Amino acid sequence: MSQLPLRYEVEELIHAYVQCIDDDQLESWPDFFTDECVYKVIPRENVDLGLPVSVMFCDSKGMLRDRIVALRKANIYAPHFYRHLVSNVRVLGEQDGVISAQTNYVVFQTLLDGETRIYNAGKYLDKIVRENGELRFKEKLCVFDTNRIQTLMVTPI
Amino acid sequence: MSQLPLRYEVEELIHAYVQCIDDDQLESWPDFFTDECVYKVIPRENVDLGLPVSVMFCDSKGMLRDRIVALRKANIYAPHFYRHLVSNVRVLGEQDGVISAQTNYVVFQTLLDGETRIYNAGKYLDKIVRENGELRFKEKLCVFDTNRIQTLMVTPI
Amino acid sequence: MSQLPLRYEVEELIHAYVQCIDDDQLESWPDFFTDECVYKVIPRENVDLGLPVSVMFCDSKGMLRDRIVALRKANIYAPHFYRHLVSNVRVLGEQDGVISAQTNYVVFQTLLDGETRIYNAGKYLDKIVRENGELRFKEKLCVFDTNRIQTLMVTPI
């Protein structure tokens, strides 16, 4: 049972990450990452074929911040709420201080018509490191099944 | 990791609560609450605007029991099954013996046509206390995103 | 809190099981079961009425292997991806070395049109034993709410 506390800690990180998005505290979202980081939202098909193109791509905390500034000030999109369910947090291993974890997610979206629909389903593939005692994402890939994206993806997954 | 057992206990409470509803053991549902309690199912919009109106409101265990008696004997509604998924149980703090927790949920509903649909997505905001060694809800707010409620809400969320 | 490590272990088993299916490592799927085992995907209605008919039925590891060989070589069906969310893993008891557990699940399916839909919602009723230190399913019932199955069920639930 030596994996117990680590899975627990990784769950705490992912739960806090999800709550940050769902509760629209997006200004804090970049703080879940290390300064040098990769964040990608990428179709499963591209990952399977080794193709690099993703729907969102950021490779520094500054780019993550830019995204949120754009979302707040520049992007035009339908008002919406996200509700994440995550499940199956699995710690796959730890090497040189980098924890690999995999988690299933489904993002449910509610638009102004008040109906909740499945927006994006997939899995997180995370590389996590410890910084000043806190876990942070060094890399977060959101590999999604839902190739038909119904509305512009502005809010991170 | 001192939060570990507490989150674990809160998860056990919420999982038992959900199983009670999904397995149609609704006569036991009020027992998850303290005698003096608040149970509200309220739209996110109203919470954000500070408006009090909710879709379900009970402020005692007696009112919770009344609801179930009404459901069994008086209410007329389409037969249905609920299936809850919960995720992201987060213990936010504990003060004067009251634990605050937040949890994402989605209720899936199956009607007699055999299709399963998203019925209600949202988050639980819980105030939990310990009574004779058992955790109980002193307050349970179900703050929902899904403003378009497709069929009469009779069964608790 | 003596139930803590056991629920944790059961979660690890179920999470690994789900990942195996969602990541299309189906050749490993039978290894989650004991040699003598029962695997059933059965409608809730039949369980409630005590009727035996199920949508999938296997009563040995060999039959589980057969299923996967059939899926790979013989069955004709629409290409699809599964994404499971599980929630509410509850250890109900342990008797004579057999652990009883109950878990809610929803399987989301993505077809080639790229939309993700609710495919099958229900609960796992598991009988779990320990073999050489590893937990295995001796019996796994997938009791589903979703009586209208939209496409042929080939991939296990």
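Should a chain be cited, it is by its letter among A, B and C, assigned in written order, with residues numbered from 1 in that chain.
Going forward, a contact is a pair of C-beta atoms (placed from the backbone, for glycine too) under 8 Å apart; a residue touches a chain by one contact, two chains touch by 3 or more.
Because the structure is a prediction, the values reported are computed rather than measured.
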| item | value |
| --- | --- |
| Size of the rotation, in steps of 5 degrees, that lays the CA trace of chain A over chain C | 120 |
| Chain copies touching (chain A, chain B) - same or different residues, decided at half shared | different |
| Whole-Å gap between the CA centroids of chain A and chain B | 27 |
| Chain C residues counted as touching two or more neighbouring chains | 85-87, 118 |
| List of chain B residues in touch with chain C within their complex | 5, 8-9, 12, 15-16, 18-19, 22, 81, 83-87, 108, 110, 113-118 |
| Residue ranges of chain A touching chain C (in the complex, touch as defined) | 1, 3-4, 7, 44, 85-90, 102, 104, 106, 118, 120-123, 145-148 |
